[in-house]
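Heads up, the next two complexes both have chain A, just with different partners, chain B and then chain C.
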Partner chain A sequence: MVAAFFEAYSRHDVETMTEMCTDNADFSYVPYEVWGKQRVLRGDGKVRTVGKVIWSGLINSFPDLFNVVHSIDANDKGDVVVMCDIGGTQQSPWGFAAPKGGRFSEPHLFIFHVDENGLIDKIKAYWNGAGINRQLGHLEVD
Partner chain B sequence: MKLFKRKSIPREEQGIVNTTPEQTVRAFLNAFQLRDVEAALSVVDKSVRVEIFPLDVREGGFDDIRTALTDIVTAFPDLHLVIKDVIETGSVVTAELKVEGTQAADYAGAVNQEKHLDVDQAWRFTVDGDHIVGIHVYWCQNQLYRRLAVKRLDQIAIV
Partner chain C sequence: MTLLKREEWQHFVRDVDWTFRYVDDEAVFPEWHSGTGKVPREAWLSWEENYKVTYPEYVATQREKEASAYAVKAALQRSTAFDNLDEGWKSSTKMHFGGVALVEYAAVLGELKMARFGLNGAWRNMATFGQLDELRHAQITTFFGHEFVGKDPQYDWTQKTFHTNDWVPIALRNLFDNMMISPNVVDLAIELPFTFETGFTNLQFVALSADALESGDVNFANMISSIQTDEARHSQQGGPTMEILVEHDPVRAQWVIDRSFWGSARAFAALTGPAMDYYTPLEHRKQSYREFMEEWIIDQFIHTIEDYGLKKPWFWDEFMRGLDTWHHGLHMGLWYWRPTLWWRPKAGVSKDEREWLQEKYPNWEKVYGGKWDTMIDNINANNVEATLPETLPWLCSMCHLPACNATQSRDGTWRVRDWSLSYGGKTYHFCTNACRQIWWKDRDNVNHETLIDRFLAGHIQPMDVGGILNYMGMTPDVMGDDPDYAAWTKDYTGRPATGLALSTAKGDQS
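Our next item is the complex of A and B:
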């Protein structure tokens, strides 16, 4: 299921990615933060709300978004840990990063949980946002 | 009739310990929680491969993990490590941590301004026998710099 999820991601097929998850699947992109004057927008919530928006936004900003999966490790409790690189070339604003045609590729760690029905019910991801911003030429710590 | 009988030697005395990968990793993390770098390193193989992406450590080794642990323990003497989850998937063990503390020395180029750090991290360990042979560390350096009042990635040391 998780390998198929990344295949759908590589095809930019957000609908299929979403359909591989339960209706109430949890979503947490840990490094995702957008700081405003009075509140902080975080990448926490549900796949069908926060997750879908973030994936669609990423694909829109990086039309050639790709992923390279290095390893998938799983146990019989439904936990799946994936090491991969995600990257692409920026064509539209992403967060506070203005498009300069920069290209990034950054190691990511994904932690999934798959339920007894074979659907993903949790997605969590870690990466170094500073590494991405440097590659895109965005040097402000927003 | 046997003239000699082989004495049964416990596995521990033979140096063979049935330690699960999760137990090995927890030994590392528990020592880290106590800010005991040497105890943490006691379960790390000398030939360990280390990748600490936020610190730009690629294809690093034992000395790199020693430096990383020493630096954070020194810079944050009140380091508070919360182990949020430990997931064992065969020989790979993944730990989700929250690292908290108050800065007391320069860290990762950031000048000490006595700011508070609270950063979520993921550490992916590969275990062989009772030793850690691979470590991959993930956190967002942007989050860390933001907490430590760094404004620009190209002017980290400037306040």
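Our next item is the complex of A and C:
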């Protein structure tokens, strides 16, 4: 299931990615933040609300977004750990990074939980945000 | 069988909430849309509107208002009242129709968002009525404006304005996208019903209604008062939302109010200031724009936010000084850039009018008098061409209005400042310090490219005034012009000319 998820991600098929998750699937992209004064939007919520928005926005900003899966490990309790690289070439603003045509590729760690029906009910992701920003030419620190 | 009285059943239906089991609360009210933030989820259970309404009552009330609004309109259709209206007042209505009709539709979307993601059942119910109200406002404003298209093609912009790239709708889109479309519903409730409607438009509608009756436009006055009574009902969504937010996150409440107050004030300076101080015939001016703002907006709004335990916005001194200058500079810009408008701006600077302006704004002659003298002298020399634009002014990246706000230097002179900011390899320019600071603090917000950004990026071709007007969708039959140059220049004929852009000099240059 998780391998199929990343195949759908490669095809930029957000609907299929979403269909592979339960209606109440939790979503947490830990490094993701969009800052405003008194209003910080974090990548926390549900796949069908926050998750779809982030995936769609990411694909929109990086039309050639790709992923390379290096390893998938799973246990009997439904936990799946994926190590992969995700990257692409920026064409539109992404968060605070203005489009400069930069290309990024950065290791990502995904932790999934798959339920007894074979659907994903939890996605958590970690990556080095500073590494991505450096590659995109966004060097501001605030 | 007897029917229960409304009072006996209303409380059962106004607040319907339950605990979800198939999905959890975060799935139904996602943080990005509902925006509870630091407010505990259960705190929203205490949300309560002051004036409760049920659907049958709503329909009955609205039907009566619809019938009376259209009845007055039908009666006036058979009269010549429109033909006798002052051109300045007609300009005020064109500005209003074009600038407001489809904003009401955007407000439908804002209310629908609260109707779906509001964090209390009563709030969602109130927002449902609110979106019906706003839909009605979009319809009635469009319909009234449409009535005059046969008499004056500029009224076609009632429907057309927001489908063009004119600089005015770009500025308003930037404001209202940030206020109505992109925020979470908590911020939306504070920005739209609380700050914009309660703080500004409801009161403006009352003032416009009074001005309309004085100017003889019964139709417009009738339409506006019909809308205002709806606004007063659904704008109460802001109050209980504010109460809860202030209790749990006062810093956020303060910021949301500050930001939306400033944006509203900037838009009002452009839309309401010229209408009150220049377009309304002198004999019918009840209050100057500053007097209106001080009495209705400032006093009442400040008392309201202080009642909630909040403070005056941090930019208050800058705002108060702006009441004496913003709209005069904008009026001059609107007049000078009149081909870009869908109304006919009156310059409104005859001797009598200037005396009134000087009385109300003691620095008026010092800051603006000389510039208008230059315009007047050119027109009296039959050189109207010298008073037409040849390029674009700089537009603020935050409010999209021309950067034309003069402030006083320590040496007593008045100058327009450049409030610039370098960020991400680009230099942005702002009309005021507060616009710059708000842009900076919330720079991830929706921000449309200004017209001049588009011009400099090469989107407008050819890069001349004709190309600009074409990009804006401005056609010759609608293009704005002064309705009566003689009305304000005849007082000055025969005087020695200074600052004249002589046609002979221009001939030499070419």
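In this text, the second predicted complex is superposed on the first by the 141 of 142 C-alpha atoms of A that agree within 3 Å, B and C clash if a C-alpha of one lies under 4 Å from a C-alpha of the other, contacts with A are read in each partner's own complex, and residues count from 1 in each chain.
Note that in this section a contact is a pair of C-beta atoms (placed from the backbone, for glycine too) under 8 Å apart; a residue touches a chain by one contact, two chains touch by 3 or more.
From a predicted model like this one, the values you see are computed outputs, not experimental measurements.
K.L.:
Evaluate whether chain B and chain C can sit on chain A together after superposition, giving fit or clash.
P.N.:
Superposition check on chain A shows chain B and chain C fit without a clash.
K.L.:
Under the stated touch criterion, which partner chain does A:M1 make contact with: chain B (first), chain C (second), both, or neither?
P.N.:
Neither partner.
K.L.:
After lining up the shared chain so the two structures overlap, which partner does A:V68 touch, if you call chain B first and chain C second: first, second, both or neither?
P.N.:
A:V68: touches no partner chain.
K.L.:
Comparing chain C with chain B, which touches more residues belonging to chain A?
P.N.:
Of chain B and chain C, B contacts more residues of chain A.
K.L.:
A:R48 contacts which: chain B (first), chain C (second), both, neither?
P.N.:
A:R48 contacts chain C only, not chain B.
K.L.:
Once chain A of both complexes is superposed, is A:L119 in touch with chain B (first), chain C (second), both, or neither?
P.N.:
neither
K.L.:
Should A:E140 be classified as contacting the first partner (chain B), the second (chain C), both, or neither?
P.N.:
The answer is both, since A:E140 touches chain B and chain C.
K.L.:
Would you check which partner chain A:V34 touches, where first means chain B only, second means chain C only, and both and neither mean what they say?
P.N.:
Second partner only.
K.L.:
For A:A130, decide between first (touching chain B), second (touching chain C), both and neither.
P.N.:
first
K.L.:
Minimum C-alpha distance between chain B and chain C after superposition, to be given in whole Å.
P.N.:
12
K.L.:
Across the two complexes, find the residues of chain A that touch chain B and also touch chain C.
P.N.:
On chain A, the overlap between the chain B and chain C contacts is residues 35, 140.
K.L.:
Considering only the defined contacts, which chain A positions touch chain B in the complex?
P.N.:
For this pair, the touching residues of chain A are 30-31, 33, 35, 71, 73-75, 79-81, 83, 106-109, 111, 124, 126-131, 133-134, 139-142.
K.L.:
For the complex, give me every residue of chain B touching chain A.
P.N.:
51, 53-54, 56, 87-90, 92, 94, 96, 120-122, 124, 136, 138-143, 145-146, 150-154
K.L.:
Which chain A residues qualify as touching chain C in the complex?
P.N.:
Going by the criterion above, the answer is residues 23-24, 34-39, 41-42, 44-46, 48-50, 53, 95-96, 98, 138, 140.
K.L.:
Chain A touches which residues of chain C in the complex?
P.N.:
Going through chain C, the ones touching chain A are 22-24, 26-27, 30-33, 35, 37, 187, 249, 251-252, 255-256, 423-426, 441-445.
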